[in-house]
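There's a structure below that I have some questions on.
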Amino acid sequence: MSDNALPIHGWDKDPILTVEHLFMRFGGLVAVNDLSFRVGRGDITALIGPNGAGKTTVFNCITGFYKPSEGRLILGHGRAPTAEELDAVTLNGERGLSSSDAGVYLLERMPDYKVSGEAKVARTFQNIRLFSGMTVLENLMVAQHNALMTASGYSLKGLLGLPSWTTAQKDATERAKYWLDKVGLTERADDPAGDLPYGAQRRLEIARAMCSGPILLCLDEPAAGLNPRESLELNELLRAIRAEHGTSILLIEHDMSVVMEISDHVVVLDYGTKISDGTPEAVKHDPRVVAAYLGVDEDAVEAVEAVLDEATGAQS
Amino acid sequence: MDVFVQQLINGLTLGSIYGLIAIGYTMVFGIIGMVNFAHGDVFMVSSFIALICFLLVTTVMGITSIFLALAIVLVVAMFFTSLMNWAIERVAYRPLRGSFRLAPMISAIGMSIFLANFVQVSQGPRNKPVPPMVTDVIVIMEREGYQVTLAWKQIIIMVLTSVLLFGFWYLVQKTSLGRAQRAVEQDRKMAALLGINVDHTISLTFVIGAALAAVAGTMYLMYYGVANFADGFVPGVKAFTAAVLGGIGSLPGAVLGGLLIGLIEVFWSAYFSIEYKDVAAFSILAITLIFLPQGLLGRPEVEKV
Amino acid sequence: MAVDTAHPAGAVAGSGSPILPGALKDAFLTGLIALGLLGPLVGFETVVIDGALGLAYRPLVVAIMVGIIVAGRLILNLTVWSPNRPPKAQAGSSPVARGILAISPAFKPALLAFAVGFPFFATLMTGGLSESRYLIDLGILILTYVMLGWGLNIVVGLAGLLDLGYVAFYAVGAYTYALLATSAPVNDFFAAILGETFWANWAFWFCLPAAGAFAGLWGMILGFPVLRLRGDYLAIVTLAFGEIIRLVLINWVDFTGGGAGIASIPRATFFGIPFTAGEDGFAALFGLEFSPMHRLIFLYFVILALALITAFTTVRLRRLPVGRAWEALREDEIACRSLGLNTTNVKLSAFATGAMFGGFAGCFFAVRAGFVSPESFTFDISAMILAIVVLGGMGSQIGVAVAAAVMMGGMEMLRNLGFLKQIFGDGFDPSLYRMLLFGFAMVAIMIWKPRGLVSSRDPTIYLKEKKAVSGSLVKEGHG
């Protein structure tokens, strides 16, 4: 409807992730129904929708935890893949191809650990999943497992304590320190992750995901349970991640202040179907979105628009 | 064909016994999510209680009617075994509820070792043979000198199993105890908030499981005519296999699994090799858990991310 | 079993009120229950008289046992469990754990020094080489279980995978050595090129790595099908595998010798020099007077070295990515996968590493005993090793070592309680009660300290300060 009239967006020109006709069925239940959208390279994209809309299911499909019933999930490293490259990968049944300047991965063909390890898509979880009995620093070291595993010569060099391993370990520690500093947890580096307050655990989970060196970071409700000050800090952190590391971000969020404040692009889901897709401004005024959130009552639509305006107004 | 029918009868009999033990596993797993490792030994102890009671009834009290004697033995064995399992739950498992997850299982392993050795110490390590009871058989078929027989004791076992299964199925489906049980199974905290006495419900589950194990123990004693302190572990594992095969948490599943395991064991012994019959049982256990963890009548589980 | 370990039943009214009637009633009820539990099995003994089964009666024993329980319960109700007693303040960690932690810098070297010097202390204490035989044997037994405990600790303590079939790898190691060392073709092969006695003298040193590697391989083979399983299911399947291996060892008579086992396995040599009284024996070559104890003391040092290698390797591995991945797997498998860890490989590496150490220990067992049979690889052994790991505190090396010494030492002490015969009569055999008490101890340990002696976790890397992680935060894994 309204987005047909809009100019071509950045996410259409250079998508880092293209979701095409994604279906996810659990028995008779269709959790995601023919969903297509694009995530722009270098953008912060928000995936929103009422409870039970299927947002987390989409995340689980993208990150390989669920195998989609149907659909194609294209991740482009470097630049968006051309149609020929895409066809080649799709037809030859490979998981992905990489050339000197670009790589293309079909995420629906990859198991979860390869989506993270090879395709470089990192994620966080709605209910924080830290290694709570390990220290903050150890959490960040585990995130660099694959690189360190190679450096330790699959434990052989490491057992012997060869210098190449020691150097690699030192580099990994430096990287961990960098991210600890970024999320303000340097002081707590040697404390068990499970001892941190809630907000710090959220930040640590993001830092841990970043330590795995992703090009796309998927955050499942990063602001849930944060107080307003922590929410603001989160916005800063996400902006810094994009600005300084060029990492694209896809996030699920209920906190409209966060969504409207930082995202470049918003995709709205209801009952597993996309009902709106566009800039925050465009989505905010889309009557279907308002209806999805509060039912189709006209007064309610106005009310929610007012709330949304207020939320964005307060932040900007 | 003759051999086949005979083995079918034998397998169903053995399977009924496994099914009765399996119900104890499946109910306890359903309600507190733990594999009650000691259940096989509870079964073994019950067969000793039945043995002692049988000797008392026949030799001391001089009751000659075998059916009356069996009925008394059954009731006494059920009572004492239930009391024992109640005490075991109270002492070895309840203090560990809510503790770290491996604790109850390890405690149950300890209890299993304790029970087996308790019987070994108190009753001696040797086989205890009883004179054959209920020796009458019905000849079903006879061909070229090979008789296919259905023994009265086999009939007793199968009929008793069916009656008990129906009774307990009714108990779990239709009574308030069953409702409480299923509620505790779903969400223990919520059940407690709604006024269900969780401790009481769990205790009762153990008591029911033990009572059925005691029936199995008595039947086992009557069928095989022997009791031994080491006869808890392997039947226990087989019954657990039955519970898993049928779908853990499901009562009809436990009996179906028991019958299948009994049939497989008997046919395997008859047609392949009797030495490897336990290997077959253990292999089925491993294969089921790996490839069909929800069992035949269980519900599949979806991994939550 | 004793009901008196349960919580005080029938709580008595608030403080200050008379507690005696309540306590008496409670003790009486306990007595009734105890009578119900002990009556049938202790009160009657089934005995075979003239070929038929009859009953013997032991009312006195039941009366004594029930009496002890009632009295114990009554005393506890009036003292420790009395509602009038002020509740004890909950200490953060137990005195044992704090004690071990507090002295741990000195404790480890001291323990090591004691282990190294043990044969000398034993000789000094008992007054001669041959007299120390019993102690050295006990030392070897304890160290074997320390090593097995450390090996299983990798799987259960670090990776959080509950393995109830660990004894299978112990068996694989033992049978690898037994079969290779007694194999005629292998012997002939070496006899043709390296001399008649070569294989008999060197078999152990060649087979040791082979046994470890082979057990590790079996760890992977058995680990592979159970990758998707978690929790109790994993435990049960590993138990089934352990039993299958034992049953195959019993029934495959042509290959394994069946239930009779394999005897006259070549003994260990001092790197090729046999411990014999002959001219080219160890004693003659080193100018010592021959003593069969030389071999035993040598074996003691072999198992000590093997155990130390296990400990050292584990400590190193924990600080490597693979070790951190094991612990991360125990903490949260899904998070592991989200970070690119191939959890299949992580699990298999844990299974294989743990199994490998089990294989080394098995090889050592075979060379020490000179005889293997399926009898030595029952589920009880798996349970015992698991109990050691759990009592020690999952993941803690020092805890496991202490637990192994306490458990094996304790079980062994039961053999020596001969004086009890004077109390209970000649028919009393204390060693019969070993497994009974072991089972009881397993339950008691779980209730007393479900997280073991040392429940805190040592971080593997730190920036400023190494702080132990409290046990309450450490997860126990999905399997």
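When the chains are written out, they are named A, B and C in that same order, and each has its own residue count from 1.
By definition in this document, contacts are C-beta pairs under 8 Å (C-beta built on N, C-alpha and C of every residue); 3 or more make two chains touch, one makes a residue touch a chain.
Just so it is clear, the model here is predicted, and its values are computed rather than measured.
Looking at contacts between chains, the pair that accounts for the most C-beta pairs is B-C. Relative to chain B, the chain whose mean Cα position lies farthest away is A. Rounded to whole angstrom units, the spacing between the C-alpha centres of chain A and chain B is 51. For the pair chain A and chain C, the distance between C-alpha centroids works out to 47 Å. For the pair chain B and chain C, the distance between mean C-alpha positions equals 30 Å. Residues of chain C in contact with at least two other chains: 334. Residue positions 65, 125 of chain A are each in touch with at least two other chains. Counting partner chains per residue, chain B shows two or more touched chains at residues 305.
Touching chain B in their complex are the following residues of chain C: 1-3, 5-7, 33, 36-37, 39-42, 44-48, 52-55, 162, 164, 225-226, 228-229, 231-233, 235-237, 239-241, 243-244, 247-248, 251, 334, 379-380, 383, 386-387, 390, 432-433, 435-436, 438-443, 445-447, 450-451, 476. Taken in their complex, chain C has these residues touching chain A: 313, 316-317, 319-322, 324-325, 327-328, 330-332, 334-343, 457, 459-467, 469-470, 473-475.
Considering their complex, residues 63-65, 112-114, 116-118, 122-125, 129-135, 137-138, 141-146, 148-149, 152, 154-155, 158-159, 173, 177, 186, 189-192, 194-195, 208-209, 212 of chain A touch chain C. Residues of chain B that touch chain C in their complex: 29, 33-35, 45, 48-49, 51-53, 55-56, 59-60, 80, 83-84, 87-88, 90-92, 94-96, 99-107, 109-124, 126, 128-131, 227, 233, 237, 240, 244, 275-276, 278-279, 282-283, 285-286, 289-290, 293, 305.
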